[in-house]
Structures are given as C-alpha cells and as structure tokens.
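I have a structure I would like to understand better, so I am pasting it below and will then ask my questions one at a time.
Chain lettering (A, B, C and D) follows the sequence in which the chains are written, and residue indices restart at 1 in each chain.
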Amino acid sequence: MTKPKVAFFDFASCEGDQLQIANLEEKLLELLEHVEVVSFREVMKEHSDDYDIAFIEGSCTREADEARLKKIRSNAKIVVAIGACATIAGINALKNTRPLDQVRKEVYGDNAKWYETYAARPIDAVITVDFKLHGCPIRGDEFLALCKALLTGQKFVVPDYPVCAECKLAENVCVFEKGMTCVGPVTRAGCGACCVTQGAVCWGCRGLVDDPNKNAHKEVLDKYGLKAEEVMNKFNLYFAYQGGPK
Amino acid sequence: MSGANLNIDLHYITRVEGHGNIVVNAKDGKVDKVEWQVPEAPRFFEAMVIGQKWDVVHHITSRICGICSIGHTLASLKATEAAMGIKISEQTLDLRRLAVHAENLQSHVLHIGYLALPDLMGVGSVIPLASSHPEEVKTVVRLHRLANEMSDLICGRTTHPQRLIPGGFAKLPTEEELENLKKRLLTAEPDVMAVAKLVKALSPKLPAFTRETEYVGLTCDSEYALYDGDLASTDGGREPVSKYLSWTNEYCVPQSTAKYTKRKRGSLMVGALARFNLNHAKLTKKAQALAKDLGLVAPCYNPYMNTVAQLVEVAHGFEDAVSIIDSILKKGIKDETPNVKPKAGKGSAAVEVPRGILIHDYTYDGNGVCTKANCIIPTNQNHSNIQLDMEALVPRIIAKPQKEVELALEMLVRAYDPCISCSTHYLKVEFKK
Amino acid sequence: MESLYRPELATITKAAPMTATEKYFEIKLNSGRELGHKPGQFVEVSVFGVGEAPISVSSSPTKKGAFDLVIRKVGNVTGKIHNMTAGSTIGIRGPFGTHFPFDETKGKDILFVAGGIGLVPARSFINYVLDNRKDYNRVTVLFGCRNPNERLFTDELSLWAKRDDVEFLETVDKPLDTNWKGNCGVITTLFPKIKIEPANTFCVIVGPPIMYRFVIKEALDKHIPRHHIYVSLERRMKCGVGKCGHCQINGVYCCQEGPVFKYSDITHLEEAL
Amino acid sequence: MNAKILTKENLLSFVQNLIKTGEVVGVTKKDGKFAFDHLKRASDLVLDYDVTLLPPKKYVMPQRETLIKFNVKPEVKVEAVVEATPFTLIGVHPYDLKAINQLDRLFEENHVDTNYMKRREQATIIAVTPTRASKWSFWSSMNSIFVETGFDLLLTDIGGRYAVEIGTAHGDELLKKHAKFEEAAPADIEKLESIRSALPKMCSADRKINALTHEMTAILEIHRKSELWEKRAEKCYSCGSCNLICPTCYCFDVKEEIDLNLKDGSRYRVWDGCLLEDFAKIGSGENFREKRADRFRHRFFRKWSYLAAKLTEPACVGCGRCSSVCLPDIADPVKVINELKEEK
C-alpha cells in the first residue's frame, strides 16, 4: 500500500495548530511510517502539489485566499480544517462583529483601501471540508486520532455535547461557583475541559454544539449578573461567525 | 561569469513561522532588486481587542502568534497591570520568569534543531535526519519536550497558555511538581552540550557574513534581562519601556503587510544575538564558557550567529530556571488568588521573547474595557535589518550559483527566526513609496 | 467468571455484495462451536480496531456449521466490514436477545411482513419454518422494499414464489426504470390481496421504524389479536447484556427483553413505536 | 450496639498504616471543595466534608476501563482485561455507599459484569457518618441516612474521637492489625446514638421531597405526560452534567482505540449520560430519543421507575449533586417531584 501524501497549509492564523502537530515529536515520526508529508512549510523545505490529504489552518479573510483554497481543494482528496480559525473563523471573526469599514479605518487610517480584507470566514464557507479539528489550538492527540481514523478507514467522531460533560469528568469546580462565567454549556466538547482544568474558563474555542441552547445560556448569564453587552462579548469571542443567542 | 543573472522568487519561504518571500533580480552581475516581502494576511488584532474587557485581552492577543503565545500573554498581562497599577507578588514574578525561560527554551530548541540544523546538514527538513541521525534528533526531541512540559506546568499549555492571568496565576504548580521539574531540568545539560558539539562541528557552514548594525534589547542590572528591564542599545542609551515609541519608529513598505522598524540608523536587530551583544556578561558562567567555545564573541555582527546565540541562551535558560525553582521552593508555594479591581489607565510593557523585545500598550476605561491597543512585534523590528542584510549580502555572493545564493538568503532569513504571523498583527502607519 | 465483553474469534467464510449498501457474510466460529441462536436473535460483531455493532442473524438455526449475516453499511464497523473478504477474522459475542415465537406458532398460520432490510432477521424464521414446514399451517410472506435494486436474497425470493406451500407477495415503492413487472406501492398495499384466519394467525413484522405503525394497523384491522403480533425493534445495543443503558425503551432493555417483542407487551411504552 | 473507639491520633496512624501497606483513596480538599483522590499522607484526609465533587463510584466503576486488548497484525488475537487491584476507600458517606450497593446489584443481576465485580471485590470501604450536609442534599428524603451493609468499617465523629462500627470480618481484621483502639464506653455509645438520631435533620428543611419513596414513583407515573417535562427541558443544555456526577448512573459507552503502529489496540468503556443528544442514536442516524424533553424525562423515569422496579426503591440517594451542577436549575429532583405532586 502506498502511503497517503499529506500537505499542510495556512491562512490567517497564528500557526499554533501546526505547532501542536510539530510538538507531537516522536509520535509525529511514528506517524510518518504511515504517511508521507509532501508539504509542511513550517518545518520542511520541500513542497509538492501532489497530495491526498490537505490540512488547512487559518481563516479566509480576503479574496486572494479563495483561489488558493480552491486550488487546494482540487488537488486534495480529503480536506481537513484545523483549529478554530479554520473551523469557525475563530478569534479572527471578532472583527466581523463591528462594521468592517470602521475596523479597517481604525487600523489602517486613510490607507485602508490598500489592504485587502473582508469578514473572516471559516474554510467551509469557501470550499467543502471533509473533517474539522476543533480548538484553539487543536489537540495533538485528536490530530492523531483523525489520522488513525483516515488510515484505517473509520469515521472520525467529534463529540456533539457541551464542554460541561467533560468538565464534570475532570472533577472541576464549576467556574460559575467560583464567581466567574463561561460558555462551556453551549461549546462543543472534546477538549477535556482543559482550560477550566487549568484554572481558566471555557472560552468557546471549539465552537457551538450542533444544537446549542443559546437562549437558556443567555438567561443563565443574565442571572449571574452579566450585562447584555457582556453576554454578547462572551458569545462573540469565538462564536461571532456562528452567531449568538436571539 | 556564471550566475551573473539571478532571478530568485522564493515564494513562502519554508521553516519559518508565517509567510515571507524573497525576491532578487540581477542582470549581468548588477543587482536590480533585492526584496524581503511579507504577504501574510493582516489580522486586525488592534481592532479585535477594542471593546473587550481586561480579563480577555491577553487571551485574544495570545492568538497573535502560536509559537510566542506565552510571550504575548506575558507582555499583555504586564501592560494591563501597568495600566491599572496592579502589583504582582514575588511568587508571581518568579513563576513568570520561569514562564519566559520555558517559552524561550522551547522556541530556541525548535529553531536550532528543527529549522536551522537541516540547512547545515544539507537536507530539507528534520524528517530525513530522524533516520540518518537518530541520536541527534532524539536529543533535540528530548530537550524540546522538556521545554514544552515546563511550559505546560508553569503556564498550563505551551500554545496559548491558560494559567497566566492578570495579577497572577489561575492555577499554581505544586512544590512536588516543581521539585520534579527541577530534577528533569538538571538532566538537560548533557543534551545541551551534545547539541552544542554538533553545532560547533557544523559551524564552518555558517556564512562568514558581517554587517555592523544596531542591537536593541532589554537590559537590567540584576540579571540577563528577559522578563523585565529597560530599553538599551549597543549604540548607547537606556530608557524605560514607556518611551518605546521613540525606539521603535514603525513604518510601512509596499511589499509587506507587516511593519518595519528603525531607530536612528536604517535598521536595528533584536533577538538572541542582540541580547547577547548587550548583556553577555550577565549570562551564567557555563553559558559564557559555551559562547566562547562556539566562537561567539561580543560584539558579533554576523546575523547567522543568532542561532548560536540562541543555543547559548538555552544553556543559560536551563541553568537559571533551576536557580529560580530553588528560590521558589525555599520560600514555599503560597496560595494566592489574584484580586483585580479594574480601573482606567494606560500602560505599556515589554518582555524579551525568543525573537526579541515584544511590547504591548493598552488603554482602558473605568470599566476595564480596552479602548486602544498597540503591539510592537520583534520580527517587525527585524524586517528592515533583514532587507539591509540582503542588500549587503547579495552583491558579495552574486557570482555563486543561483541555488547557493538562494540557500544563503533563506538561511539568513531563518537565522532571524522570524515570526511572521506575529508581525502582521496590524498595520497602521502610512504607506511609503 | 468469564468476561462479558470478550468476543470469540470467527472467520468470514463467504462474502458477497447484495445491493449497493448490503453485503452478505457467512461466518464460522473459530472454535468450531455452533452459534446456537434462535430465529430473531442478534450477535455483536467486532471488527478489531474499529468497534462492535449489533447485527441480526439471518440464517435459520437449521443451517449448521456456519451462520449468515447481512450487513448494511451505515457506520464505522459496518463500513469497515464491507471491505472485508473471505478469510478475514472478526469477533462475535452472542447470540443475544429474544427470538421469534417458533414454538408457540406450531400448527398455526404465520404471516411474515418484512420491509427492506427487515427481511434479514425475518429470513432466519422464514427458513426455519420452511425447513420444518410440516410443523406449521399456512405461511404467508409479504416483502416490500423501496425499489427493485434493494431486493435482498433474490434467489430465495424466487424459490419462495415458486413454492406452493408458501404464499409469497412482494412490492416495491418505486419500480425505477427496471423491467419490474410486480406490485408497486408501499407494503400495506399487499394486505387487501391476502386472506387470513385472524384467530389462528401469528403476524411477524420486521422493518424500518417508520413501517411498524402502518403495518400493525393493517394487522389489527384484519383482526389479528395484539398478542399474536410480533415485532423486532432496532436500538443502540452497545453491550448486548443489559448494562450500558443505550437500548432502553422506557424501562425495557431492547437487547435483553427484545429485540423481538410481542406487540401486546409494548403498547403502553410510548418510546417503543 | 457494639463499637470501638479511635482517638484522632490513632485514626491518623491507622490511615497512615493503611497507606504504608497499600493503595488508599480518601476525601481531600480540591479548589475549595472536596474530591476523592489518591492519599499520599493521612493528614490530607478530610472527614468533615459535606459532599465530594464526584461520588466514590469512580473507583468501582472507573471513568475509563479497558475491557479487551487485541492485535490486528500479523494475526488477530484478543484477550479479556480485568483491571482490579486492592485498594481502600475511606470517607464514604452513607448515601454514596447506598449507591454503590445498588450498583453491586445492577452489575451482578442477569449477566455478571466481571470487570465491575472483580474490582468491587478488591475494595475495602471505610464509611463515615456525615458531620454536615451540602445545601443541596436531600438524603433524608431518600432513606439514605443509614446504610446497614456495604462498609467494612464505619466511622463516626463523637466529638474529637471516632466510634468505629465493624461491618465485615475483613474490617475487623484490618482494625486489629493496623489500629490502636479501645472498646467503647456506655457514654460513647450514648453519644453515637444521639448523633445518629440527629442525622435525619441534617439536610436543610427546604430540601425535602413531600412524599415517601414509593409514592414518588407513583407521582411520576401519574404525571408521565405532564407539561413539566417539556417546560423544564426548554432550558436544558443536554450537557449530561446531572448524569455524570450521579452516584447511581452507570450507563457507559464502549470505544475502541488502535495504537499508532496500527497493530495493537484496546476496547474500553467510558461513562455516558442519557441526557447527551446522541445517547440513543444508532449508526444509520436514527435517534430514538431525539427531543430534549424525552431525554430529560427518561432520566427521572429511569431512576424513580425503571430501576426502582429492580431495586425495590428509587435509584436516587439524595446526594444533591445533580441539583448543584445544573446551571439552569431544572434537574433538581426535590423541585421536580414536589412540583409534580402539586399538579392536578
């Protein structure tokens, strides 16, 4: 059996997801027994347009990105969006929440017209995406699980329940009990509630679950004393593209 | 004369973080154009943080860069704390000093081992080295993982840390965990020396190119400045970070979505080599000895030696981290819950991150909502220097075959270890033709 | 105490595609042991490295030395097993669950109503009855599927059609553009064509969830008593041994008290049909 | 009544001796709350806690438990795995113990679950009488104040000293081997009895279900079609928190993992929850309990009706954990059952 050829690409992003993959180290080397990496700009010089699986990090933020994305789609059999920027437009979509002209003017002043940009979009808003690896950043072990599923011809299963479930399994004290608030109740699990486990809150980086109870959560946030604007900020940090409660 | 015509258009240079292009046009031995371009998509972080509260800003700005996310988080927290007059405890300070070491270690080891070494060994990536030089690769992997685990323990994740919050830590390492970390850090020395031996053996392959320039970094009297210090230059001068604007005159060039910086000269350099040139006397004795052994002597004007300077900082980092842990353990870990009361103010702060000085500057209103932000990224400060280095280098090597010229230029860019995602966080200055 | 969860190894002895989504497999337990199932029971099939899925046994217990499975490609395990060929090793746990009333129906009339892949478990009982034909009175088989391409066991269907001791009727929802000459319409359209003696008839219904309500209504309209109607229900039977909780229909474990239920036993369970 | 007495000091050295000789799990502080965890030293043990974040169930039914190991290459091999080594569980409150007793029955009935039973056999349980109740607890309403079986030893703080009741010969042996104790004096027994008789009042007055346990089942059955299910479920996140912290929930999912060499792997079970959206979804995509309200109602019926029929009492012990973790505050059995009771 020939090894599937794998390529990595990035768009508007911090490249932290590819770093998570590079950080797999020995496991990455072990994975290379089964796949051939033909393009990974962050760590290798070689590049080829002959690949089976394309991993794409980052959001589409300008027209110029679309052509590049379409080329990747036509070259690859399987396209995987990796990381929040690619799956849900991530932090990049924060700029979508305000009038784009204003944002551009704020940043570029009179020269705004020289810099091409539009509202940040996830990859699947431009091309068909076969799989999504959620998170900001992605988890190395979830990347490996996806690779194994692809190599063994299995379905790749992403949890479709809120982070709360995993937060309970992690035996964390609920952040609401600690006087903080979070969006874990509407955010897709699969992270093991890692941020809460590390003392922070769930920010929502894996995006909304398929059927989030956004209105119930808005009510809960209200109950915990958040102003309307603060509630929207909570939802917009990562869900700006997917949308907040009504 | 061979190679008199050059047409180099290296699109998306590899083994650096982010997108950068090199364009060189030469005809009949005369250089028409040498250009370092940064075509990365601009990301508007300044606009993103406006309207956000003080306790989210560091989370957002961490996303400027995956590889320097700990540095961005720390610079962000320090700026927020400066704006609101928040004092941090001695324990927080010590742990944050460890955090800076952790990130510098993992980033430097990654750069030396995975990004720079393949050039010196004549291969395209670390992947073939895994089978041709398994021991060397294992050594690098071991060091890198140790640095990552140190980041995980202190910061709660290597990429986009979770434990670092305004005023202190969301979660503290236990004394037992720190003891274990210390034990592991102490085992790193032979590995560092093994990498040093390898780099020393390969160092003749580093081009002997020099161009005198200005080196800028943080400096402080008590230690090799990383977490804190004043702005200082090899051209002389020392000022508090609040005066950063006069040190980092940013400007734009048409070929880049990232800003360029200069101070008094046409360019300046920040990063490990700059820090070494400025503060080498404050390195640990072992790190100083290693520098000498590797032929790194201040002032060093060869940008390719930045990789060697990083290696010296790795030796320093492992050793200094052990003494910081000792001092924390001596005092014992105390439970401290940061208690921040937001207030209006403006504050700026700097941290020495792997690629040089990183400055964040925020203004908050009375509700702790950010109204203005500015971030000065190390790689931006180096762009002009890369451009001027290329302009100086190309005529010297123009007679060589195109492939060799390409490699020399790529290696030059890589030596700066540029972080291009970082540097395109936003643009705001005028476009100059 | 033997582990409940350790599958025994088994070998695929025959594999043949039946439709675009269904594939036939003949399985032999490596130990040489007979599966020993009863019509209507299921096994948990393991593809190691992928997982387990509950699959109805399709062959009659009268078939010895091996048993049949027909597997629809829907998920991970079923998708993977579709790529497997004769000689491959899989795992088997079971048989599990309740069975069709092959004893109580002796000497009685049986009306089989199978929709689509529902023929797979029904076939186990149909063939059992045909192999012991003298034990049973009238046998009627109604089979319906969406289109002619989805017909299963076509060879056996024509054999049944030829037999004069079986009344076999079939229909397709849509004939497509094939030379289908038979009945068209949903399976309930076959009911007016048959004559039954309700008090003496047992009705066995197997098909997709949507089918049950309509077919049961036809059976009741024909005055077949509730306790003579049997259905086989599909649920997420993960452990097969009444522990994991996924297959519960109200309080009933489908893997233990099902998959074959007497209709009169489940009329009060709002989650059943 | 028969009891031994341990001074605080002797209790500590008893626990320390247990730690020296084997794995000990006890209640420890966690982030301002309490959690069962591996005990490194006796002084980390907390016995005057209200409730732990997760019930001690996690040690008899681990969150992740390997069931089989296999190889796919070069030839297929499979072996059963039973992960069970001896351990002592110390500080279990009666309601959590009652839950374990229920699990014992459910895992043993019909098909014996070897993985559970073998692990359970390895557990030594030292229970403790609560000194305080969490503000959500309603164990008084669920007959979970006293438990007669399931513990090897039962500790009760009788004011600076501990009365130890012996539940099993193993417990007796353990005490004799590792502890310095004295016989209880009549005054100690009197104190113990007065503490026990005060226990029913420990749960706060507003945490009372206004029905006897068997009446609760009847109330649910009558109101199977109540609007309450729909109304409460409107606010349900389907997050499964109420399932995952429950001491009597034992639903599990079975998953498979293959190593990166694509040759070896294992099959394991993990906790699951019937409130999660995909709980009853099958491979073809059909979801047999797709509506939030149906899942929400199922949890109550499973505990108060379906399992109650097997256990002859509800599979709820009144620990109050589900009430405390439900942010929209819809899962609280006290409110649900009392509300249903008020319904016509």
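The definition used in the following text is that contacts are C-beta pairs under 8 Å (C-beta built on N, C-alpha and C of every residue); 3 or more make two chains touch, one makes a residue touch a chain.
No experiment lies behind these values; they were computed from the predicted model shown.
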Contact distance in steps, from subunit A to subunit B: 1
Where subunit B and subunit D overlap in contact partners, by chain label: A
C-D against A-C, pair bridged by the larger set of C-beta contacts: C-D
Most central chain, Cα average position: A
Inter-centroid spacing, subunit D versus subunit C (mean Cα positions, whole Å): 40
Where subunit A and subunit C are represented by their mean Cα positions, the distance between them in whole Å: 43
Rounded Å distance, subunit B centre to subunit C centre (Cα mean): 66
Centroid distance [mean C-alpha coordinates] between subunit D and subunit A, Å: 37
Interface hub residues of subunit D, defined as touching at least two other chains: 258, 262
Subunit A: positions in contact with at least two other chains: 152
Sites on subunit C at which at least two other chains make contact: 49-50, 75-76
Pairs of chains in contact (touch as defined earlier), listed by label: A-B, A-C, A-D, C-D
In the complex with subunit D, residue positions of subunit A that touch it: 27, 30-31, 33-34, 144, 148, 151-152, 160-165, 167-169, 171-174, 176, 178, 185-186, 209-211, 213, 216-217, 219-220
Residues of subunit C that touch subunit D when the two form their complex: 1-7, 9, 46, 48-53, 72, 74-78, 89, 91, 209, 234-236, 238-239, 241-251, 256, 270-271
Residue ranges of subunit C touching subunit A (in the complex, touch as defined): 49-50, 75-76, 79-80, 83
Complex interface listing, subunit A residues touching subunit B: 10-20, 22-23, 25-26, 29, 32, 37, 40-47, 58, 61-62, 65, 90-92, 94-95, 98, 103-104, 106-111, 114-115, 117, 136-137, 194-195, 198-200, 203, 230, 233, 237
Complex contact set, residues of subunit D against subunit A: 30-33, 35, 53-54, 63, 234-241, 244-245, 258, 260-262, 271, 273, 276-278, 292, 325, 327-328
